[in-house]
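In what follows, chain A forms one complex with chain B and a second complex with chain C.
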Partner chain A sequence: MKPRFSLDLARPSRRHWLGYLLLAPAVLLIGLIIVYPLIVSVDISFQNVNIARLDQPRRPFTTANYERLFTSADFWNAAWVTLKLVIIVSVFCFLLGLGTALLVNNKFKGRSLARLLVALPWAVPEVIAVVIFAWMFDSSFGLMNWIFIKLGFIDTTVNWFSSPAAAFMVVCMTMIWKGYPFVSIMMLAGLQSIPEDFYNAARVDGANTWQRLVNITIPSLMPVLGVTLVLVMLWVFRDFSIIYVLTGGGPLKATQTLSIMTYEQAFGFFKMGYASAIGVVTLIICVIASRLMIGRAPDNI
Partner chain B sequence: MKRSLLHSTFLYVAVILVCALLVFPIYWLFITAISPPDQLRVLPPRFWPEIPRWNVFGDVMSDRPILLWLGNSALAALGSVLLSMTVSVLAGYSLSRFRVRGGQSLGLFILTAKMLPATLLVIPLFGIFRTLDLIGSLWSIVLAHATLIIPFTTWMLKGYFDTIPRELEQAAMVDGCSPLGAMVRVILPVSAPGLAATALYGFVLSWSDYAYARTFLTNAQTNWTANLGITTMKGEYISNWGDISAASILVALPVLLIYLFLERYLVGGLTAGAEK
Partner chain C sequence: MAGIHIEHVTKSYGQLTVLKDFSLDIADGEFVVFVGPSGCGKSTMLKILAGLEEATSGTIRIGGRDVTDLAPGDRDIAMVFQNYALYPHLTVRKNMGFGLKMRGTDSAEIDRRVTEAAKILGVDHLLDRRPKALSGGQRQRVALGRAIVREPQAFLMDEPLSNLDAKLRVHTRAEISALHKRLGVTTIYVTHDQIEAMTMADRIVIMRDGIIQQIANPDTMFRKPANLFVAGFIGSPGMNFFKATVAPGQGSAMVRLFGQNVPLQAPTGLSGREVVVGLRPEHIVAGEGPVTFAVTPRLVESLGSEKYIYVDVPPENRVEVAHTGGDDRRADTIIARLINPEERAGSGPLTLSFDPARLHLFDAQTHIAI
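Now for the complex of A and B:
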């Protein structure tokens, strides 16, 4: 019997009106809530706009926002803070995530429970993670003050959120706790896709544990490693909730990343045009950095 | 191969240590919630309260509009997931099965959209919603969360549909199904686990948002979402950590339960794209 409908999905070139029809709602919605707002934000970044209202007449075109941005000490400070944060958090997330994944990839009793637990913080909403760490680092009765005094790291209680270096450290710790389980999940999935045969062959050839790690595990993980690294860096780069609720960018702008600065300028000082310029620059950095890191194969992001 | 006793002891110690360190902050949140206020302000800290106040969850629910906040979060998540899933299922299927002019560029654009900083998009959305008079309404959150969810769900679903053999539709069409009918009656039912995992992932994204709620809903107390409500409790002059912790547990619970019971599906969806 001949099919009533002439649509051969196995054929390499399968253009069909249905393909367009199915795509139409997504294109329409994405156009309305992502593309159009994006165009608006690029547009207002070239205007001197304070409070964005679309029904107001356009202001004249100006590059003043971008000129102001690149000559502003605050911008370079925020860029530096962002860079520091991205590097520190990503490195720790990576080392801890890879180590944890290798650990729970061993065969032992209760390993499914262990796998569940090591990924648990991933499921905790960011605001709740902040509540936990803000309380643990409370200046008077926080647990961490007590632990650090017991361990001899500090002599008296520290007011973590009034010292720039200490506040930056608390932000790092919160982000690492919240972010590194994601790396563990990804690495574990990567480890499980490595065929057991590779290891058996290596054992036959007399490779020790370390050689197996360096010559089989790490190279096989490289694709997942790359994608995960980019995802973690993008997350830190753009994160708003953790820093904003934990420190608000302070003290003395020590934790003010580009995202926090964008938001502050937009909704603290109502400099919407200037804020959009910072946001556009942030987006351009994100796109370029991730393209550079994963080349022309962005399928997995 | 037999492992030495030393090796397996070391393994267990390391696993327990790592799990304990990771789970401890969550345990501490719980202990803080069930400790009477006077036992929170003591050193050395107590790792289990003498008299746990189990009724704290009921108390904080009657003191604060937490049920209202949770309800708002649920409505926002439900709305944005429904909206996102509707368009993503259709688009993901199309990207997986058809070769459409511009389909590839659309896919690339969606990937780039994942990199959009919320702090950039929130500015024009604020302007647009003000013009439409949506500021303070949950609709603003539904639309804003859809911008977070759609880029993820579309690609997750495309990847999922790619794993389903095309022969299924072929067979259905030989039996007289229309192409649309083949998708609705054959492919969607087969994809149910993937659809559920994707929808849950979208739910978690929406439930965890703070930036959009903070911007659009701050002046509309009756529409506060759970995360926004929690931060207002934290921002009060004297932080009542016991109450904040109890409220936080109630807010984190839905997502934690989803994770604990459906870990396999969620993690499967998360890592599906990375194993290629």
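Now for the complex of A and C:
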């Protein structure tokens, strides 16, 4: 005889209990480390808090943080820098990612090695990659100055990190280098799921290479493309370490994105209420942008 | 429309030769079926014809024009793929018009031709749907439609029915035949199913291991198979085989089958030779006949209109050749196919007979018909 109150999860009527049981740890963790801090930060953003302490009584409700935020030139500058960065990095990541994916999708000798090389930047830890790039763009000892002088693009060394435009460019390049392998891997997976017969049919139909790319490859990649675009965009939005290590947001706030600004307000000036407000606005922008992207992806495949 | 001439085409991948000296003349408007077990090279030949694979050597002419080294799009052929290869992101209309669009046909003309082809195939109400929203049979028709709107010199079809269920396959088979009669375009059709080959073809090309075994029309293929492989492949169930040695008899040669001397319509010069004797299941009939033998069936399968009787073969007549044809059968069993049999209770002893004129003789070593 079985004990009367045994938890027999194999019973059809209780099968869904097992599902909930297995989900519980993940749900608890997400609740604890994502949902709860999120609620706290939304709460803090409506209070005038400098250093947030959970054991202190609540401050009175105020929208002062948001009023200050939307009238602040710094915020609009950071938003503009973020937008520029998102667009430039996403576009180039896509061109490079798709290009390399198309290349290593061909059959040739050493294809596995080529695929490995394409994916390599992704495996390099972010901070290490950034330190290497900082050295490469160093004004006195940097590789880039030497190459550009040898190639004749410039006649004197450029101080990459003191010119706003140059610093922004360096940040873009580093992010593209770090970000394109992810796109490439996703695209390669997408390319491999396109049946060979689509191409054969298109060839019999008389489509040339370019027409096959435009009419078969790109439309077939659309679902993957949409998801990848959202992920890359969110990555650029939230990425902190590359900019922080490379330029710290400078010079003249030329590379200060919303995430750098949030960090600076929270842990530089200890304006945690204000910083939370920036964070909440960033979150809302991200949610809206990803909704638009995912919504735009065609659902026909 | 045009005839197709294939001259000494071979194909090898490194050491592996998949096509050995393939030559074939296809007349204008002919329906030719390549049939054979998987790996026999039939699909490779079709891909070479389409230009999707390069021939290692040989020449291909379509309508007198040498196309051996032309891109698929320049050969003026249309192909129907096994999984249809319909572009999922395009509507049926755009799928069907894709080939014309790639050739720069103006849109009014594309529209006219697509509508016409859709009417012929009965898919005109589906033109604005995506392939995802179509049933298997409808996809099949759209794939055919995509081929016919181009009005090409020839159709190439690569097992187009194998993804359909059995009932739809029979139906579509008849439709493709009717379509071919109506359009009269040269068609090359690849299949592994001998029934499709028999029912649709003007001529069948039966292949094995990259070598053409026989080229003939369906009736000849059935009545006069060139070798053991063709004999076993064509027909359902496949031909029964017996091992025997030819002995001289009164006035003609004879063999011993089921313990009886069976006279052959063959020259006595064959005496002493080991042969494989073939007998189609259809040619064994119930009741008395020129050669009668009594058996106890091992198994009786009833299909309603016909019965398959499985009969044990005496050990002396068992063949040890792997005849790799249609079905892999046990060497110790033959099948008799009785059409419209009378109801029979149980599986008691049975009298069967056959006409020795119906026997096929094959050389035991070379497997070639004698």
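Observations, loosely collected:
Following the convention adopted for this analysis, the second predicted complex is superposed on the first by the 280 of 301 C-alpha atoms of A that agree within 3 Å, B and C clash if a C-alpha of one lies under 4 Å from a C-alpha of the other, contacts with A are read in each partner's own complex, and residues count from 1 in each chain.
Operating definition for what follows: a residue touches a chain if its C-beta (ideal position, glycine included) is under 8 Å from a C-beta of that chain, and two chains touch if they have at least 3 such contacts.
Every value quoted in this text rests on a predicted model; they were computed, and no experiment measured them.
Once the two complexes are overlaid on the shared chain, A:Asn215 sits against chain C while remaining clear of chain B.
Look at A:Ala64: by the touch rule set out above, it reaches neither chain B nor chain C. In the superposed model, A:Ala79 lies in contact with neither chain B nor chain C.
Judged by the touch definition given at the top, the superposed model places A:Cys172 against neither chain B nor chain C.
Greater residue coverage of chain A by touch, when chain B is weighed against chain C, goes to B.
Of the two partner chains placed around the shared chain by superposition, chain C is the only one that A:Ala207 touches, whereas chain B remains out of contact.
Contact with chain B, but none with chain C, is seen for A:Leu117 once the two complexes are overlaid on the shared chain. Judged by the touch definition given at the top, the superposed model places A:Met293 against neither chain B nor chain C. Once both structures are placed on chain A, chain A residues 298, 300-301 are touched by chain B and, in the other complex, by chain C. Interface of chain C with chain A (complex): residues 50-52, 71-74, 77-79, 81-83, 85, 87-90, 98-99, 102-103, 130, 132, 146, 150.
Chain B contributes residues 8, 11-12, 14-15, 18-19, 22-23, 25-26, 28-29, 32, 40-45, 83, 86-88, 90-91, 93-95, 97-101, 103, 106, 108-128, 130-131, 143-144, 146-147, 150, 154, 166, 169-170, 173-174, 176-180, 204, 207-211, 214-215, 227, 230-231, 234, 239, 241, 244-245, 248, 251-252, 255-256, 258-260, 263, 267, 270-271, 273-276 to its touches with chain A in the complex. If you check the complex, the residues on chain A that touch chain B are 1, 3-5, 7-10, 12-16, 18-20, 22-23, 25-27, 29-30, 33-38, 40-41, 44, 52-55, 100, 103-104, 106, 108, 111, 114, 116-136, 138, 140-141, 143, 146, 177, 181-182, 185-186, 189-190, 193, 223-224, 227-228, 234, 237-238, 240-241, 244-245, 259-260, 262-263, 266-267, 272, 275-276, 279-280, 282-283, 286-287, 290, 298-301.
Interface residues of chain A facing chain C in the complex, by the touch rule stated above, are 195, 197-198, 200-208, 211, 215-216, 219-220, 222, 298, 300-301.
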